[in-house]
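Each chain carries a letter (A, B, C, D, E and F) given by its place in the written order, and its residues are counted from 1.
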Amino acid sequence: MSLFLIAALPFLGAVFPALLIRAGRNAAASAAGLTTLLAFIGLMLHIPAVFRGETVYAAVDWLPALGVNAHFFLDGLGFLFAAMILGIGLLIILYARYYLSREDPMGQFYSYLLLFQGAMVGIVLSDNILLLLVFWELTSLSSFLLIGYWKHLPEGRQGARMALTVTGSGGLAMIAGMLMLGHIAGSYDLSVILQNKEAIQSSDLYLPALILILLGAFTKSAQFPFHFWLPHAMAAPTPVSAYLHSATMVKAGLFLMARLWPVLAGTPEWFYIVATTGLVTMLVGAVIALFKDDLKALLAFSTVSHLGLITMLLGFGTKIAAVAAVFHIINHATFKAALFMTAGIVDHEAGTRNIKRLGGLRHLMPVTFTIGMVAALSMAGIPPLNGFLSKEMMLEETAHTIWNGSHLIVPALATVAALFSAAYSFRFIAHVFLGRKRDDYPGHPHDPNTGMWIGPAFLVVLVVLIGLASAKIAGPMVATAAGAVTGGGELPYYSLKLWHGLTPALYMSVAATIGGLALLALHAPLQRIWNALPRPEAKTIFDALIGAFTRLSQFVTEGLHNGVLTRYAAIMVAFTVAIGYFAYRGGTLGTETRQLQEPGMLPVVGWFALVVATLFIVAKHRNRLLALVLIGVVGLVVSMAFNYLSAPDLALTQISVEVVTIILMLLALNFMPKETPVETPALTRLRDGAISVVAGLGAGGLIYALLMRDFAFPTISDFHLANSYKGGGGTNVVNVILVDFRGYDTFGEIIVLGIAAMVIFALTEAVLASKVRAYLLNRKPDLPQAGDSHPLMMVVATRVMMPLALMVAAYIFFRGHNLPGGGFIAGLVAAIAIIMQYMASGFAWATERQRYPYHAIIGSGVLIAAATGMGAWFNGKPFLTSDFGYLHWAPLEEFEWATAALFDLGVFLAVVGAVLLALESLSRFAWQPGISSEHAMDINPARDEAAKTGTEG
Amino acid sequence: MENLFELLVAAFLVIAGIFGIVGSFGLIKLNDPMSRLHAPTKATTLGVGGVLLASMLHAAAFEEHFSYHELMITLFLFLTAPITANFIAKVHIHRQETRETMPEAGGDDHWATHDTPEDEERRHAAHNPPAEE
Amino acid sequence: MMEHLLIAPVVLPALVAPFIIMVLRHHLDLQRIFSLASAVLLAGITLALAAQAADGTVKVYELGDWPAPFGIVLVLDRLSAMMIVLTSLLALPVLLYAIGSGWDTRGSNFHALFQFQLMGIMGAFLTGDAFNLFVFFEVLLIASYGLMIHSGGTRRFHAGVQYVVFNLLGSTLFLFALGTLYAVTGTLNMADLAVKVAQIPAEDTALLRVGAVMLLLVFAIKASLLPLHFWLPSAYANAPMPVAALFAIMTKVGAYSILRIYTLVFGPEVEATAGLTEAWLLPAALLTLGAGAIGVLGSKKLGRLAAFGAIASMGTLLIAVSLFTQTAAAAALYYLVHSTLAAALLFLVADLVMERQGQWILPQLPMPQTGLISALFFAAAIALAGMPPLSGFLGKLLVLDATRGADLAPWIWGVILLGSLVTIIGMARAGSLLFWKGHGLESEEPATSEAPPVDTLPAKPAQLPFVACFGLLGGLVALTVFAGPATRYAEATAAQLYAPAAYIDTVLGRTAE
Amino acid sequence: MKLIWRLFPHPFLTLLLTLTWLLMVNRWSLNSLVFGFMLGVIIPFVTQPYWPNRPNLRRPLKIAEYILVVLMDIIQANIIVARIVLFKPNADRRPNWITIPLELKTPEAITALAGTITMTPGTLSADVSDEGHALLVHCLDAPNPDAVRDEIKQRYERRLMEIFE
Amino acid sequence: MIESAATFAFACFALAMLMNLWKVVTAPDVADRILALDTMFINAIALMVLYGMALGTEIFFEAAMIIAMLGFVSTVAYARFILRGNIIE
Amino acid sequence: MELLVASAVGILTAAGVYLILRRRSFPVILGLSLLTYAVNVFLFATGRLVTGAPPILNKYKEVAYTDPLPQALVLTAIVISFGMTAVVVMIALGAYLSSRDDGTAMPVEADGAEEEA
């Protein structure tokens, strides 16, 4: 079976349980089990090749640009792990089917489990370290889901987050390490990397890469000081613990160290980092395990300890140690998974995992007892079980290891660790199963049904068989896997048998066993001492750290993004000025090429008016109406300046926009406070002043520098001047640019205006649909109101003004192409003509007389502009290509027509519609029942007269 | 002839300038707000008017074409100036005066600026009997 | 008519929107149909255009039949094609979501504004003229203002004020920049600017540099580069979430513009603008990522969490952009597509949660459809945090790989990896609180102070929102599975960007020499 | 007839608008005339709702006379007022309110009167009474308010009565 | 002669504008400020027409005309705001 | 003349920025208006300052014209900023009416989040 399929099957399998759960728990379990079995069988089909020492490949390029590719390979090491993952996986699936209760969402469970399984298989089959990383992080994520599976348990959530944090961060470090490794080797493919030992070990990046990769491995394999997450992950359902935290996931780190052993091991750095970490972990784990009362915690720390053992062996860097490591991996997987399942059974049946409440179960659960006892003895390293064999090999290796010149320290510490290991194993047997039967178990302990014990039983059989006939049963596997770990070549001599003679290891082993028994006997007093000792509680520290970091993040985030626009804007302006100045300093400023022009009297007066008005706005801005009046001065002066400086179109536009803007702001100000309070402290104002002055100096200085220099190149507007009449049919070049050369800008611009009006309309609707409406309806004016809201004279004047203004609008519209003006200004003038009616005769009266909805006017404007633009298509020309010509109808003189005028009409309509829709929307805020009058003017003697005589309405 | 036109144009300009400045000077000099309101009328009428006349004359005499669109400006100013003056006067009446400080409103009760919503209702009731339209 | 296809992405929504306003203003169903149909058609058009651009040809559309640089031109190359395709493909699920969740009925003119928004974005991606870029920035911004405050509400209004004011500052800066560039070079067309900038005399570069850097800052505001990012959290967190999802592309407009202008006009080999960005852009990008990641962990509300997620992803993207190398650009482009889809997905999922439980990240009673929603949240979270197996991880690897030679490489790596870690911790915290903790809550006092009233929840869960979410997730999966072809396109695009001669010659109508 | 009224709701306005067009284009030509007239027809038609009732202008010729009188008065008054502003100390000035009872009834006529008063320097229409039967005028310097009132009524209101009512 | 007369007129209206400015910023009452601004608009018209005459161009006519029309609108708007608060009701 | 224009731009910018840094929406909008003036004049001035040469083609004689392009750009900018101003005024009003608070800072909110260990 292709490696792809083997790797993919668990993922496919992850889909089914979730889908099939409606069909029942058995269906979900079967689907999970069958896909796993299929993958397992597929893997077994490769046995002949693997045991011949061949490597099976499967490769598809995924992201060749980066070197992340779906390259898989299967060698002895990969086979060993894949077999473990799939094989134990099968047993776990079976076990879990009976372990989980009816309330647990089983479909989810199997989905997560198979997701995890797939990720693990992916890790061990990857021939590409980046692909391996993908699977690596995926194990972290899927284990997060599995640990937190029991959503009602806070320990589950916390354990899940802790595991994710620790293993996830290690994984991220590993990413960096792997990228470095791949960089040194020139490829991310393992098969290439493994050939490059010299290059890698001599590289400057070796040490950083090594440390980063080991961070990944150590966190995953719960090595000291990252071991603390593993016990907390035990909040997961026991099948998960058995699978992830004994057999598979925690072994991923070991796998990785084994995988990269050929290129990373053998250096002093490797030895001191890896072997030391392993040794310390082994010792620490074993000691803590002895004093844990929770069965699963005991097993968890024992796992930590055994993982340390294997790590230490890999760290020794010798081939024979590597063989021992491989062998212990196999053995540990068998007995530890069995032990977890046993613990799970005890928990399930007795209703507790607390050793203190157990004991004497041997009588009630004989099958479970047998299984647990054999597995625990193996863990203790008692012959003839498999745990004894690999422990002997370990002890033998430690005896030959020199640590910083010392021959003793490693074997001594290893023996102590083995001693504790034996002790907690014995305790597992003695305090759970042996002793007198109790009558206060929380549950009713009895042996579970076959489905639950068959799995651990099978493993225990393996434990015994490997112990008795290791060379036959485990020999080929160990050889093949160890061969792969050590990177081919001849393995040194070793033998997997029970009796090697009176070796140092045997003495150490005996010492450990006896010592273990002694410790068990002394357990009660030791426990009291242990409990009295102050010791750091990893979870507390971790929680405190994470909590502090979370609170710090909240503090920083809330503090930095405190919602104060003022500060955001200040930072933005200051940053801009600083960067602008930095950019300026980095270049050279050329010499001035233009002369200063002498200003006449008018510019000086205008400048003075502008500056005075501006400064007074700043000084008096708290009086909002006054500020608006002063803004009017500024607008007038700017408009005049445009006129003076040869920009009549701009002057027209500026002044018309000005008026509409002021109307708009007055409409809004009606509802807002009329005064701005003094809020900012003087120092803040000083800071703001400084920022403003600097910004002003920047803007002023920049334009001054620009004004004193000519264009570096002829400008493109020479073309516009030259072609405006010939090609655009107009003599007002600004207008021709607007409707022709850059008509597309104008198209965008009217859309902006149209959208603005729509937004305002939508906002009005939203506000008036909210509780604000009630407030508005009952709102009393802020200031006393004068009478006569629609004065007679105003009404009459605007009635005359309106047609006149529309005439002006028409005039400005039609001449715009050739003289100052155009659709935009015309639109504003027309809009103002209608606004005058609103102001004079009132909102209700004017609205009633408005025949065309403003939405439609805007829409038609945009559509006309667009349609004019598209019209060119039928001429085979691009969008917005204009055309013009001359018509002659006797007796009239010839006159010019231009499609640009049609486009300008679109502009005109859009502007009219937008301005009026915006103002009309704003005006609706003030509407209150009873304010609408049926008459245009409040006071009209003619009407009163007519009412008296009854002649006219 | 040309000299005459020149003289005329210059005269209009001088007159315009004088009245223009008088208007704005009055704004500063006059000491009560209602009086100040009178000043700008000068600038509006003879000030701008003089300039416009000068401009028209100048165009006709020296630029060989008649120009009368300046009249449009006059038209607008004449239409609008009374209204602005009226409004500013109303602002003053509203803010500085009360019904009591104002002269009699002829045969009527008070001036429109001092109208209250109640007055409005009263008028409405008197002149628009429910039967009407 | 096929030669006019290039303008279609702008003209189509520009026609549909006013049509909706004029004719369909009171017919919601028809609005939805037209809006959707337009979005589908737009997707087709952009895909057709992408097919045209895929072979590396540059297509130019001279508006008004005026040649560049005198008129405005639209330019289609791989980059613009990619961006418009991304936009239209993002728009579809977002629109589906807005319709399915009923967001489009909670205020006026949603569909017209949506179309205008698309028009603005398309226009910005397609234009070859610097000032026209400003105009379309404004189109997309003003439409976004409308969409952001769609349906109103106090906090939304206040956030709207901030959003608009800050962006108006940005628009002002844009004009200052364009004015400066025009005053120096006398042109506005990007290709022509490139030609002119390359010839600027070495003794007169100061003003050009100021213009160039101001332009960059404008784009940086859009791209939410720290410390110009302050507008984003409140705006996105308080916008309707489907709108925020659409906004995922808006930050990319900033990133796009930086890439475009700083390869075409102020490319790395242009001497006049040498040293303009090196000292500060990359550190700022690193800080952006940091601020985003910390924000994810430090967010008390789901909307803010998503917004900071978006900032973090922009940080990563800007790191790649700021290196200004071809490889980094390729990585940036791949990551850009990813982060757009991922951020959009997160916003939509956030809306699913907020519809049911309110905005606070608090333990709550189990909500309807928890399973699906938590799965989607999980996917969005790992995507945005850059965890495997989704494309975020690949994108991050690409960025890390591309930054290997950089001076600040250790910093870059450290920040990206730690950023991922902090992001994933933050996401895990939020997810476990929202989806897990509530299971123990039944007996306790329910913390439903912020939860929406029950009657706003559809009795029968709407299918469309989930379809939309899975659509986006499908996009992420496709981007992961087809990472090979995707990166090949990104590389080709980057190659085209870093060899601008063809672009310039085509636009200016010069025969390639 | 009705149709014609509908089409030309304000015939004088049409004339005025045509004239303004010709003024604005600043050029007498058939084209301008035709175009101005077209607009002069269209615009009153379109804006008719905003000016529902039609003021009666009985004696158009009187309008010309009125305008001339007012223009002359403006010039005269300007000089007087300029003197006041420039040379008369504030203390010597007698600003005053004047109430002018109105015989005019139509709003158009009242507005014309008020406008005239304002445009002739020295006087200024400030308000109307609450029922529209009196006009409030402010005088810059009116030692004798009654004289001013009578002159206004004589010179302007009487003429306007002839024109409008 | 015309030139010196025009200069005189320029000076007058410019001075008038400065006086208006003075009044706009210092007047005690907002009504006076509005009045001064309105007068400023009128002086601006005069200046604009003068300037057009001086240059011999008609290009400033529209601006002057529009200001004549719009100055009124903004003045009325300010005044209405003080009178009624709401300028469109 | 250049000095006048440049200093005017500078002063308008400074005043605009100062007002934008105020804490209430109304002065901020005033500030935006001033800043808009500043940038419009700035943009306009990039065509350099020319008096008496408007870009209206004279069919009859050869005359100099000022640069028309910046004028067209400013026109577009004026229109756009008008639309933007209208919208921001409206949103500010909506914000004020719905909370009776015209500050530009986000209103302080009761914290609904609780810490989890």
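Odds and ends about this structure:
Please note the rule applied: a contact is a pair of C-beta atoms (placed from the backbone, for glycine too) under 8 Å apart; a residue touches a chain by one contact, two chains touch by 3 or more.
None of these values were measured; they are calculated from a predicted model.
A count of C-beta contacts for the chain pairs A-C and A-E puts A-C on top.
With centres taken as mean CA coordinates, the chain nearest to the overall protein centre is C. Centre-to-centre spacing of chain C and chain D amounts to 61 Å, using the average Cα coordinate of each chain. Separation between the centroids of chain D and chain F, computed from CA atoms only, is 41 Å. In this assembly, the C-alpha centroid of chain E lies 23 Å from the C-alpha centroid of chain F. Remark: chain A and chain F have CA centroids separated by 36 Å (rounded to whole angstrom). Within chain E, residues 10-11, 17, 30, 34, 58-59, 65, 69, 76, 80, 82-83 each touch two or more of the remaining chains. The residues of chain C that reach two or more other chains are 131, 135, 138, 142, 145-146, 149, 152-153, 161-162, 165, 169, 176, 179-180, 182-183, 188, 234, 300, 429, 437, listed in rising order.
The multi-chain contact residues of chain B, meaning those touching 2 or more other chains, are 18, 25, 37, 39, 44, 67, 69, 72, 75-76, 79-83, 86-87, 90-94, 112-115, 119.
Contacts from chain A toward chain E in the complex involve residues 601-602, 605, 608-609, 612-613, 616, 625-626, 628-630, 632-633, 636, 639-640, 643-644, 648, 651-652, 655-656, 658-659, 662-663, 666-667, 669-670, 781-783, 785-786, 789, 794, 801, 805, 808, 812, 819-821, 825, 829, 832, 835-836, 838-839, 842-843, 919, 922-923, 926, 931. Listing the residues of chain F that touch chain A in their complex gives 1-30, 33-34, 37-38, 40-42, 44-59, 65-69, 71-72, 74-76, 78-80, 82-87, 89-94, 96-98, 102, 104-106, 115, 117.
Listed in rising order, the residues of chain E touching chain F in the complex are 55, 57, 59.
Note for the complex: chain B touches chain D at residues 18-19, 22, 25-26, 29-32, 34-35, 37-39, 41-42, 44-46, 66-69, 71-72, 75, 78-79, 81-83, 85-86, 89-90, 92-93, 102-115, 119, 123.
Across the interface of their complex, chain D is touched by residues 787-788, 791-793, 795-797, 799-800, 802-804, 806-808, 810-811, 815, 837, 841, 846, 849, 851, 891-893, 895, 936-937, 939-942, 944-945, 952 of chain A.
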